[in-house]
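Shown below is the structure under consideration.
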Amino acid sequence: MTQKTASGNFFEDFKIGQQLAHATPRTLTEGDRALYTALYGSRFALQSGDGFARHLGFRQSPIDDLLVFHTVFGKSVPDISLNAVANLGYLGYAEGRFLKPVYPGEMLSASSEVIGLKENSNKETGVVYVRTHGRNAAGEQVLSYIRWVMVRKRDAGARVGETVVPKLAACVSPADLAPPHGTDYATLFDTTLSGSPHRWDDYSTGEKIDHVDGMTVEEAEHMLATRLYQNTARVHFNQYTEGKGRFGRRLIYGGHVISLARALSFNGLANAVSIAAINGGRHVNPLFAGDTVFAWSEVLDKAEIPHRKDVGALRLRLVATKNRICADFPDKDESGKYPADVILDFDYWALLPRKL
Amino acid sequence: MTQKTASGNFFEDFKIGQQLAHATPRTLTEGDRALYTALYGSRFALQSGDGFARHLGFRQSPIDDLLVFHTVFGKSVPDISLNAVANLGYLGYAEGRFLKPVYPGEMLSASSEVIGLKENSNKETGVVYVRTHGRNAAGEQVLSYIRWVMVRKRDAGARVGETVVPKLAACVSPADLAPPHGTDYATLFDTTLSGSPHRWDDYSTGEKIDHVDGMTVEEAEHMLATRLYQNTARVHFNQYTEGKGRFGRRLIYGGHVISLARALSFNGLANAVSIAAINGGRHVNPLFAGDTVFAWSEVLDKAEIPHRKDVGALRLRLVATKNRICADFPDKDESGKYPADVILDFDYWALLPRKL
Amino acid sequence: MTQKTASGNFFEDFKIGQQLAHATPRTLTEGDRALYTALYGSRFALQSGDGFARHLGFRQSPIDDLLVFHTVFGKSVPDISLNAVANLGYLGYAEGRFLKPVYPGEMLSASSEVIGLKENSNKETGVVYVRTHGRNAAGEQVLSYIRWVMVRKRDAGARVGETVVPKLAACVSPADLAPPHGTDYATLFDTTLSGSPHRWDDYSTGEKIDHVDGMTVEEAEHMLATRLYQNTARVHFNQYTEGKGRFGRRLIYGGHVISLARALSFNGLANAVSIAAINGGRHVNPLFAGDTVFAWSEVLDKAEIPHRKDVGALRLRLVATKNRICADFPDKDESGKYPADVILDFDYWALLPRKL
């Protein structure tokens, strides 16, 4: 009799260059789109109204970029992070790029390559770096990103290979962004319907925006979301076990926080309709049910996109807090330490229409 | 640097005749339909079974009338009621008409015209009356209704125009209802599949029906619903702020109450498959998570529809309570005062099949 | 004036041979599929990825077998079990067969025949046995099962007919299973994408599998699920009434437990992609919100399917617990008595790909 239950990979199971094809291809549909709206209340016009999207040259409203991200991420969990340490200081993302729109009815698959391994000095854990790819049914890449996470060893005595720490780009180059084809955002983008007159040209580097609104999270909501992404990380679902653990309660999936903060950011960034790249992201404190999430953004940079006069990119820092309004833009201190009520520091490129 | 965050209109920002095109067009899909079923458990056959609807001459099951209403209503919130006073005594609806079925895949947009303004004597607030239109992608009106709400002034000293209070019809005329085209309800409507033998002819003016069942509401449910409608009214979502407010907790969107009561009304009104008009509606007490909603109906009137022998209209009063069964039909007293456990008094025209 | 509210059938209303056509035909869509994923986190590849299903010869991913079951079951509640006694010892299923895949867009209807009646000696209740059929819009049977439930009498003095207790098969014969047509599972089934290398051949009779993971249930979740199935059984929804009842709280629909346990069983049975038959099932203790569900399975039998070398059947016992891990396979004792933390004992045939 063989062991039928998957226990996930431990640190010593990973090898540099290893390819992992993740299970359970997933067709995203109008149903997922509706659930995403119900979970976050997102109001970006491109993802909400098919006619708005068609007017811009899209086939219909594409699936929200973060729903694509969470779906691909969820597939990688059973192979990469089932034995992760719930230590927020040691996980992150880099070099994420959204390469093609995903439409309702498209099936996503995911695979990862191990690109870095670093055992910790305690020999009980190590950090695993993977590049994960999401592909549509035609095999085209729709998303690619690097992720790292601290994973337990099955056996502290197990020998592991040499340390490899990949060199990560601090920021995706604007030349590597993939703006929508065959459209003229400057001419065709309706800023009345989109909810804001502010185009790319209206934002300035250094500008900070308090997104004002707050959203309280319930256990049922984050679990519905995380199951929708078929993410099996145990800390999110099992109160029986987590009740006895470090926090005494279920930890909310970090991606849920990103989606909440992104939805809140509509108020101030309504025309930032697409996420083109994830430069980096850190979950700097945990979120629990009952907490209320607030968010603010900072414009880190502005970039033109090669050969495009109609659409521009803003490099945005999206900071989320819990139970703290953001009128004073709560931030890390000079030493890089975050207040206990800051939960997310997320760095991404957004695409916005430019002025004519 | 401009102010990027929308703060909504204040009372002094509104002018009689002002036209407001609301943001975020919204395509309603099979996903929204499924969520609506999950949120309310609605069992009206027309909206549940595509084959039942096709047999009657519909293209497929239309989107539930109230989901159309909530979607259009939600679009108007950022422009009309973001600065509303949570004073249930000063909001209401009138002259609502459902003009065309909306099918999955159709995109709705909304606009409003300011038709009334009345500053309160305290100079700090005023009542705004708007007529709101919902349109499909072809620009056809699918819904039109009047709504009023009390809105704060930004500046108590701001001067405002003359008071205009629109004359509101007490009831939509049966001649203005828009019954389904090209069908014969009397012949084709299957009362076994619909769940009740009682046709239009079987109801009498003055008849009261206790809908018997009760439904307890959870925070996650009303927030999922209200986000699905992209309704951004802050009182529904933010426990951090509301916890310090008047009620100490999140207030449930009034439309959620209407949908709950309507779903409960199936038991007694299973053949009232369409809402043709909203004559009026008042949220007379607030609902909170943990409360259990019950409902009863009264037949206020019966009307034939011009040129139609197959379908008739019932004018119904739908009354909802919280934590109180409706066997004794809880109601306002002679002075018009409602008991504290009555939460809704909603007056609408429903369409039912007639006898052969 | 007639009584408009349906009060359901009481024991004395049922007659042997009686046919009941249940109300509210229901079209299952991509929206229901997405909600099912969000509610349970199910990861079986056949139901998740349309391309995976097409590769095997399906039109697209079929609707999850249990979502079909719950939908058909829900339709029968208003006619069969609205006046059921919430006595878990007296309800069960037998001879359930899934006869045809159901695809998004298909409408299901349900009907039942009364096949058994047995009044209890107290004359206040009796057990009703029905065979329920689910049909698609073409009238083809997609599901058939026997169910029994204890139902109250309206009037203890009412006379009832002779006792008829149907003879129930202990197990559906493998020859009566309906495996998918026109495919070759042995060749075409991709066990990397499905999430497990273990095919039918790899399981042994008597083998037990601890599914390891646990899932905590919230009130909002089980109510969303049960409303999605349009199941109107009152004990699931009404805290006002149930708070005064036997358990002091809402009872979770038994089918929700089956779906939770089935989703957990992925970890160990990832290739058991279809439920072909329900041999029997008992809800041996109630589940309440806040409890955490765990599950284990036992292989009761293995069967070849006539004329098929590519797909085989496993007879599985799926046992679910609350707030108790399943490493020691919690089970009934020699007298047949279950521990208080075992909630489900479910016996079914699953279909798995065989080795080449």
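A few remarks follow.
Read from first to last, the chains carry the letters A, B and C; within each, the first residue is number 1.
Note that contacts are C-beta pairs under 8 Å (C-beta built on N, C-alpha and C of every residue); 3 or more make two chains touch, one makes a residue touch a chain.
Source: prediction; values computed, not measured.
When chain B is fitted to chain C on its Cα atoms, the angle of the rotation, on a 0 to 180 scale and to the nearest 5, is 120 degrees. Both chain A and chain B derive from one sequence, and where they touch, under half of the residue numbers involved are common to the two copies. Centres computed as Cα averages put chain A at a distance of 36 Å from chain B. Annotation for chain B: residues 29-32, 34-35, 104, 218-221, 224 touch two or more other chains. In the complex of the two chains, the chain A residues touching chain C come out as 1-2, 4-7, 21, 23-27, 29-32, 34-35, 78, 104-105, 107, 109, 137, 218-221, 223-228, 230-232, 234, 237-241, 250.
Chain contact summary for the complex, chain C toward chain A: residues 29-35, 37-41, 43-45, 48-52, 60-61, 104, 192-196, 198, 202-204, 207, 209-216, 218-221, 224, 267-270, 290, 292, 294, 323, 325.
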